Structures are given as structure tokens and as C-alpha cells.
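For reference, the structures are reproduced in the following blocks.
Okay, so chain A shows up in both of these, paired with chain B first and chain C after.
On to the complex of A and B.
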């Protein structure tokens, strides 16, 4: 029975599904199975991936931030302003990250000090931050970035390995460490599980949540650095419509939408799964609606995950008890 | 075992395709692999353009692939283009969603020797070889005013609805329509009273049309080059009970305005033939691939069933055949 107890790990399932998706993709398209191709395709998932890392932390605390893509747009436009005045990239990067973190923190303050639901707050700031991005930039967009600004997002090592993918891996490792190996992470899970108990135990819940929102915003700032390199431009409507994919990755990754449960490793694996499927379908030139249906189904699987897990647990119990009865 | 056989078959397919590509490279006159992506798939306008492209490719002996996301999202369009590059086509055709954001991947394509053609909506000029423009701004302006004359032969007050003050094509259309109304005797029967913005949004276009009718009691025609706003205007006029007194016109898809033309509440809308636009875009791309087209301004060439054209400044080729839909012609539109 120990075999049954160990197998239904969500992460393991995600790995198996990713391998299945890769096999399926190589069957769909003769162009799929090449190291260069697969490495290059990761580029498309770096910026939503970085947003997903930030969102996952916020969701662990039982909150949500749907304004992250708008914060990215603000960051991209701010980078364009820095580039315009000829600021060095090593100065512009921390400046933009700090500004984006401030926007995230502002979400956190509204949620914790005014005790407003985060979905409502970030629905509002989603529009407000995008508006801000349009005000700071122009509707025509900016394309004359200094090459130092676009290095991270556009450079490929050995002709195939995107620097942006390495940035994502480093950030993912950082967030995994932060959430699973530090006091901060443990407190986040504690608050997500039971806010009141965490507060009685001496955790400053409001402060912790604000920090998590700020972290999400700061990561969106790094994502905007990737964006300007990859797309060579900055405009207020950047990354509009990407939040659905980001939420899908977090939920499919096994983060409980009510907070307190789920691992960051799962989120990273979910991104690999989504990336593999999208890459395969894209190379097979599959029709747009079909792709949307497949991704929507994955989101539903993600949402139903707790139910599936409970079903598996019950099955295990039954097997265990029948096993005992047999003894 | 299943995976292994899948891998083997994939390798086999890759091999055959590779050989296929090698043999076509020698022919140099046909057998090109042309890949097209629209702003988004499933929209009748772009599906018609794809059918046109396919017809041209078939006629010329080329391979034609059409793919893309089902909604207009520039990151998905870039992903599609990246996937196209991996499939090593000879040419890429696209209707760009954001002229700048697609530029890096298109430049990458051009570096690989892939011919890049935009149609319907252009990308940054240095990121493509050719732009097949549906209509010049002046011609579009004139076409919409001709429609307005069918609506209100005696003239009267007109108002414009654009997407936004910065939407480049809409602003240019309005600028030329104003010029024609001031200077051209044919259109001097009109007076411009208002310009409003509706963001290509159906509900907002409806509200704007209602407001325009209230603000200007003598309004005769609402003109919009947005294919969303023009039909929404027709709906607003019908809902306000002003059919026969006020008209909506501009660019619209036949399906969206057919019922208004048939019940007589509207008289004329316009567009161009997206099927032939897609045909022309694919045809010129083939000519370029086959080395039969120089992109120097003034060069004239034949594009099969679509007729003859002249290359303009900066690799722009204007298709320029407006189509006007009235009660009698809307059924013949074919898309």
C-alpha cells in the first residue's frame, strides 16, 4: 500500500503529463523534437512564468492579484522613459523594479488596511495601472531601446538558449527557496491556512501580505525587462490578456486558490506542461479555437484538482481498509 | 514503445519533408512554402483572405499554411510567427496586431532569408519586405462619402465615429473626408458637425450613435471606418426609431449589415474584397520568391486573376478596389 501512498503526488503527475505532451507534440509535428527548438520555445513562457511566480506567492496567502500584467506594462513604459533619457541599464533596472514593487505594495495596502477583497482591489488597479502606463508612455509606443536594455530579453546563447529563460530559472529557484526554506515562506503558508491562528501566533498578517504583493509587483518589473527585449517595444497595452494563462499556471500547479497549500515547484512544472502543449499545438498549426479549448480544459482540471486529490485519497483508504480486512 | 514509435515516425516525416524542401529549392519557380497568420482566426474577413491566399498558392503550385490564435493578442501572434520560423517556410504573410511588437521576430525571419509580407495591417517598415494595403486613405475616404451620398443624395449634417484620436487609419480617413467636403463640389452638400470615439467597441459605438442623434436633431449620416461602429450605428438608428431619417455608413462586413439593407432602414455600406486581398498578397509574395518582382517604386506587374498593380513607396502595394454593398449587391459579396 505504500506505493499508492507515494504515487499521487501532483508534481509527479505534472511531470508525467509534460512527457506525454512532448511525445504527443513530436507525433503532431516533425519540427518539435529538437533541443534548439524546445529551448527557443521557452521564450514565449518567460514573462507569464515570472508573473506566475509572483502570483503564486500572493495566492498562498489566500489573496489574488490580477493587476500584475498591468504592472508589467507600466514597467515596460518606465523602461522606455529611462532609455529615452539615456539612463544606464544597471540604474534603470532597480528603479523600475522598485516602482513596480511599489504598485504591488499599494495593492497590498488597500487590501490589508482598508480590508477590501483583493479581487475587487486588483480588478480596479488592473485598469488604473494600465491607464497610468498609457499616461507615462504614448499611445504610439516606444521602440528605440538602447541595446543594453534589450539584452536580457533578446539574447540567445549558443544560438538557442534564451538568456531570459536562465533568468526565469534563477527567479524560480529563488522563489522556491523563499517559500519552502525560509521563515517568510512558512509564515505565508501559516497565514494562508488560518489567518487568525497566525495572528495569535504573533505574525504581522497585514505586513506580510503587503510584502507578498510587493514581491509580485517587483517580479512583474523583472518580467517587463524581459518583455522589452523580446518584443523590442513598450506600450500601455503590453501583456494585455495574459493574466488568464498566469492564473492557469498557478492553479494547475497545485496552489490552492483559497491559500495555504501547494508548492512552488508545482507552478514551475505546470508552466513547463502548458509550454510543451502550446508549443506542440502551435507547430502543428492547430486551429486557434482548438488550442483555447485544450488550455481551458487544463484550467478546469487545475480547479478540480482538490476534488481529484480527495477522490484518490478516498480510494486509497478503501484499498487500505480492504487490505486490512484481507489480513 | 509507443513513444519510441512516435519518435521514429516523427523522424521519418522530418526526413521526407527535408527532402521535399531540397527538391523544391531547385525548381525555384513553384513549390514555395507560404505561411499566413491573420490578426485572429475565425473572423469571416480573415477566413476569406485565407481562402484567397490558398487559391493563389494552388494556382501557382505553392504550399499554403494558415494558422493563428482565435483572439487578437500580440504575444500569441509572435508565438505563432516563432512557430512558423521553426517550420522553415519560404515566406510569411501576416496582418500585424501591433506594428512594433512583431518587428523582432519578423527581422529574425528576414535574416534567415524568409520573405515577409504584411496585408491589411502593416508592421514596422524595416521588418517586412512588402505591405499589401487594402486601400489608400484618400480612396477609403471617397468611398465612404459616396455611400453617404446614396444614403442622403440631398446632403445634410454628417458626424464621424473613429476608434480613438490616435488610431492612424481612422484619423487619416476623417482628415480626407473633411477635405473632400470642403473642396469637392460633389460632396459640398455635406456639413461636418461632430467627431466621436468608440474604441471599436460594439456597446460604446451604439451609445455614441444614440448621443449623436440626440445632440444633433438634423443629423443625416453617421460615418465610421470601424467595421464594429458602422453596424452598431445602424442598430442604434433602428432602436431610436429614426430609420429613414438618419443613416449609418462606412466599412462593415456584409453579414453584419445585410438585415438593415434588406429591411430598408439602411442603404449603403462599403468594404473591399478580403478574398482578393489575400489572393493578391500571396501572389506578390510568390512573385518575389520567384525573383519576378522588383520592389522599386513604379514597377508594374500582373497578379493573376487580381489584375495589374504598381509598386509604391517603401514596398507598399495598394489593392484599392472598394466594394459598395446595397440591398441589391450585398448577396453577391461572397464572404
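On to the complex of A and C.
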């Protein structure tokens, strides 16, 4: 019993579900069970995965940022501009990440200083940043990236292991450490649980939130580097509509949308689950719409989870009390 | 004409600053529209042309119905991002049905409304009784409804020559010089506005959004009211989807995708607060006219399409800022009054 207590139940369930999905996929398609295939399939999930890490931090604070995919598009266009003028990649990368973090921080400033609801703010900036990406770039995509720019997103080590996947794992480890082992992370959970109490305990809530938004923006900048490598192009409409997948991963990962609860490990596991399902459905020739329906259903199950858990707990309590009565 | 919500109306005496500020908010939309119109009129001689103005209101008509529907949900402190998918689902099923039953008359219009109402009810059940965050619930149903439309259509589309003639002809009619779509939109928004303003159920919708806890203590069945708001939203989205299908003629599975954001933008620009309890459906409809005016003006000025995204996005942030400032003023004025009475 103590062993099970130590492993959080939701994370355990996600692992079990991932294994089930993998077993189901290998049943559907003979091509599934190969290391090359599985490793390659991770590539599709790297950029939404990185966005999900950033969004998870913002959601823990009780806010939301639906403009992250637009920030990614802005970052990709900015990379294309850097490549155009022949800037070295080691200079372009920090520049773009900083610019994207600034866009994220701008969301944060609007939310904290003007006290606007984050949904309304990022709904607006979602359009505004995408417009900005088009204004900085043009209607026409840029495809002639220097090969140093596409290294991270397109290279495979040992013929199979994508560098972008390693980047994702490193970022995931970083965010898990940041949120669960540092003061910053504990403060984020404290604010998400109770803003007022956190403020009274001496946490600068507004500053912390702005930092979290900036972190999300910066991660979107890194995601844009992966994007240009994978797709070799940059245009204002990059990653349009991917925010559904990102929000799904965060919610399915067990992060409470009202803030203060959930672990980053869960988000990473949820990404693996979604990736396995997507990959399996793709190999089984299941149409995109079917995948969308499955994704939406998973999202709703993910959020109904506390309700279901409460129901089970109540049932258990009743059973226990009736057992006592019997004794 | 007044724009106060239930709690403000109950708590504030007449001619309070709160009442004034809210009036300011709605007239602010009108003022913005006038300024916008003046700018475009100066920059482009074609703008004030009667034909162009009529094109603007026609384009705004369907969006204003959806924006009003979105406003009802926003007023209860929730939101619905599945409106575009509901429109697509209801429109496709209805168009397909009409294509197979050519002889069907105007009774057909009930079909999308019933479908929309059922889809809206599912959203409402999830949000009100499932206690799911409205954004998450409707993001999920957005993809489910759209995905089901794809699965139903199997890659087909309904073209205009498969639809009954009356359907295509009616939406292009003009009554007394006004496009029938515009008249219909005005009637729908007026009925909805009157419902929210004069009927007890309407006032309860505002009360729930204003303060859900207080309204529950007061004895309102908040779950039912939220469910009702989603059903109203769904019915109107079904109607709007049908009108849109009849207007464009060719019904594809991607019909009205992206409208969830446009409708939210219209409602927010029109002064409906995303924090609930305040705003008018007429404001949301005006917001739709503002967006249509921006679209039209930018096309006339030959501004690239993507500037529209930037301007629309900035308009949303600007409108939300205005809401917060006014909200703070109202709270201040209420507090000073309360102190005055003690």
C-alpha cells in the first residue's frame, strides 16, 4: 500500500494508459513496434510539448496563455529574418528567445498591472502577435534557412534519435526541477492555491506571474527553433490551431485549470500518451477528424477526472462505513 | 437603454456613477464606431457609399447573432468556444437533410435550432453540472462537434444546386430596401435583449454572472440558469449556421471555423465583460458591426489582410482594459455610497 501511495495515482494511470495505447497500436499496425518508428514519431510532439511545459507553469499560477502558438509563429519569423541577414545561430537564438519572452512578459504585465483577465488578454494578443508575425515577415513564407538554423529541428543522431527530442527531454527535466525543487516553483504553487495568502506571506505575486508568462514566451521561442528545423519554413500562420493540443496535454497531465495543483511529470506523461495515441491512429490510417474527436473526448475526461475521483471516494467511504456498521 | 446589471441595479440608487459609467461603456462602442467610420470616410471616398454601408451591415448580420449568443454565455461568467463548431454541425446536417428532401418548406429552419440547442445543452451540462472549466469543456466539444461533422460528411460537401431554391433566394431578399438578414438580426438581438432586460429569468442570468455565490444564497438555481444560457447560445448558433449556409450556398465541413474567436472579439469589443454580469447583447451586436467596419475599411484602403488580426487583437485588449477601469470606478462609487449610508 505504501508503495502505491508514493507513486501518485494519476501519473500511474497515465503510464498504464500509454502502455495500453502502445499495445493497441502494435495490434493495429505491424509497423508500430520498431525503435526507429517510435523515436521518429516523437518529433511531431516536440513543439507542442515545449509549449505545454510553458503553459503548465502559467496554469499552475491560476492564469492561462492561449497566445503561445502565436508567439511561436513570431519566433519562427524572427529566425527567418536573422537567417536572411546572415546572423550566426548562436547569436540569433538568445535574441529570438529574449524577444519571445518579452512578448510573454507583455501578456504578464497586462494581466498583473492592469488586472485584466488573462483569457481576454491572451485572446487579444493571440491575434495581435500573429498579426505582428505577418507584419515582420510577409504573406510569403521563408524557406531558405541556413543549415545551422535547422540543425536542432532536423538532425537525427545515430540515424534515428532526433535532436529535438533530446532538447524536449532536457527542457522537461529543467521545468520539473524548477517547479518542484526550487523556491520559484513552490511560490508558483502557493500563489495558485491562494493568491491572498501568498501575498501576505511575502510573495510578490504580480512579479512572479509576469516571470511565469515570460518563461512561457521564452519556451515558445525555443519551440520556434524546433519548428523551423522540422518544417524548414517560417510564416505568420505557423502552428495555427495547435493550442487545443497544448491545453489538452496540460489538463490531461493533471494540472488543475484553476491553479495550484498538479505536477509537471504528469504533463510530460500526458504528452507521451497523446503522442502514442496520435502515432498509433496515424499508422492505423485513422482519419484526422477521428483523431480530433478522440482528442476532444480525452480533454473532457481529463477535466471530469476530479469529479469522477470524488465520486469514487464517496462510494468508498460509503462502503467503508457500511462495513463498519456491519461489524 | 440603461445597461446596469442586477446587483448594481439593486444596490445603487438612481443617477449613481456606476450607472453613468456603464452607459458610457455602451456609448463608447458607438463613439468608437463613429470615429472609425469618420477615419475611413476621410481616407476612402467609397466608404460612405450607400451600397458599401449596406454591405457592411449585411456582413455583420450573422456575426451579430453569434456575438449576441456568445454574450448571453459571457454574462453568466462562462464562455463558449464551440460556437463555430455548433454552427458548422447544425448547418451541415440541415443542408444535407434539405438536399435529400427537396420539397421541404421553411419549417426546415427549426432543425438547425434544435440541433444547436442540443449541442449547447451538452456544453451547459458539462459546465453547470460537471463543474468543468468553461474554456476546457467547450474547447473539447469544439473539436468533438467539428470532428463529428467531418465524420458525417465523409469528405463530401453540399453545393448550392442541391439546396432548395427558397433557401438561397430568401436570404438575398430585401424588405423596404433593407436586406432581410439585417432585419432578422435586429429582430433576434432585440428579442434577446428584451428577454434579458425585462424577464425575471433574464435578470437571473445577470445575477448569476455578477456574483454566483450570492445568487446561490439568494435561492437561484445557478446550474439551471447557466444551462439555459448555453442552450440559448446553441439555438442561436444553429440559426446563424443555417443563415450562413444559405448565404454562401456551398456548405462545407469547415463552415464557420474560427468564428469562436471572432464572436468573442465582437462581444468583448461591444462591452460585454468576460468576468460576467455586465454588458448588453445589443453591445455585442454593435461589436460585430465594428469588426465588419474594420474589415471593410481595411479592404478599401488596400491594407494587407494580416493587419486586421493585429488591429482586432489590440481592440480586444483595449476593450478589456476599458472594462476593468470602469469596473473599478463602479466599485469605488458603490463603496463611497455604502459608507455614506452608515
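As a convention for this text, the second predicted complex is superposed on the first by the 305 of 327 C-alpha atoms of A that agree within 3 Å, B and C clash if a C-alpha of one lies under 4 Å from a C-alpha of the other, contacts with A are read in each partner's own complex, and residues count from 1 in each chain.
Throughout what follows, a residue touches a chain if its C-beta (ideal position, glycine included) is under 8 Å from a C-beta of that chain, and two chains touch if they have at least 3 such contacts.
Remember, it's a predicted structure, so these values are computed and weren't measured experimentally.
Enquirer: Do chain B and chain C fit side by side on chain A after the overlay, or clash?
Expert: clash
Enquirer: Now for A:286: first (chain B), second (chain C), both, or neither, which partner does it touch?
Expert: In the superposition, A:286 contacts chain B only.
Enquirer: Just checking: does A:258 make contact with chain B only, chain C only, both, or neither of them? Give me first, second, both or neither.
Expert: After superposing on A, A:258 lies in contact with chain C but is clear of chain B.
Enquirer: Kindly classify A:233 by the partners it touches after superposition: chain B alone (first), chain C alone (second), both, or neither?
Expert: first
Enquirer: Look at A:26 in the shared chain and tell me whether it touches chain B only, chain C only, both, or neither; answer first, second, both or neither.
Expert: A:26 contacts chain B only, not chain C.
Enquirer: Which partner does A:40 reach: the first (chain B), the second (chain C), both, or neither?
Expert: It touches chain B, and chain C stays clear.
Enquirer: Could you look at A:242 and tell me whether it touches chain B, chain C, both or neither (first, second, both, neither)?
Expert: So A:242 only meets chain B here.
Enquirer: Per the contact definition in the header, classify A:139: touching chain B only (first), chain C only (second), both, or neither.
Expert: both
Enquirer: Flag for me the stretch of chain B that overlaps chain C after superposition; candidates: 237-245, 273-281 or 291-299.
Expert: The listed stretch with clashing C-alpha atoms is 237-245.
Enquirer: For chain A, what residues appear in both contact lists, the one with chain B and the one with chain C?
Expert: 139, 287-289, 291-292
Enquirer: Would you mind writing out the residues of chain A in touch with chain C in their complex?
Expert: Answer in residue numbers: 64, 110, 114-117, 119-121, 123-132, 134-135, 139, 236, 244, 247-248, 251, 257-258, 287-293, 295-297, 299-300, 302-304, 307.
Enquirer: Show me the residue ranges of chain A that touch chain B in the complex, using the header's touch definition.
Expert: Of all residues in chain A, those touching chain B are 23-24, 26-27, 29-33, 37, 40-41, 43-44, 47, 139-141, 143, 154, 230-233, 235, 237-242, 278-279, 282-283, 285-289, 291-292.
Enquirer: For a test of understanding, state which residues of chain C touch chain A in their complex under the given definition.
Expert: 79, 126, 130-133, 135-137, 139-144, 146-151, 261, 264-265, 268, 274-275, 304-317, 320-321, 324
Enquirer: Given the complex with chain A, which residues does chain B contribute to the contact?
Expert: Its residues touching chain A are 2-3, 6-7, 9-11, 13-14, 17, 35, 40-42, 65-71, 73-75, 78-80, 82-83, 86-88, 98, 100-101, 103-104, 124, 164, 166.
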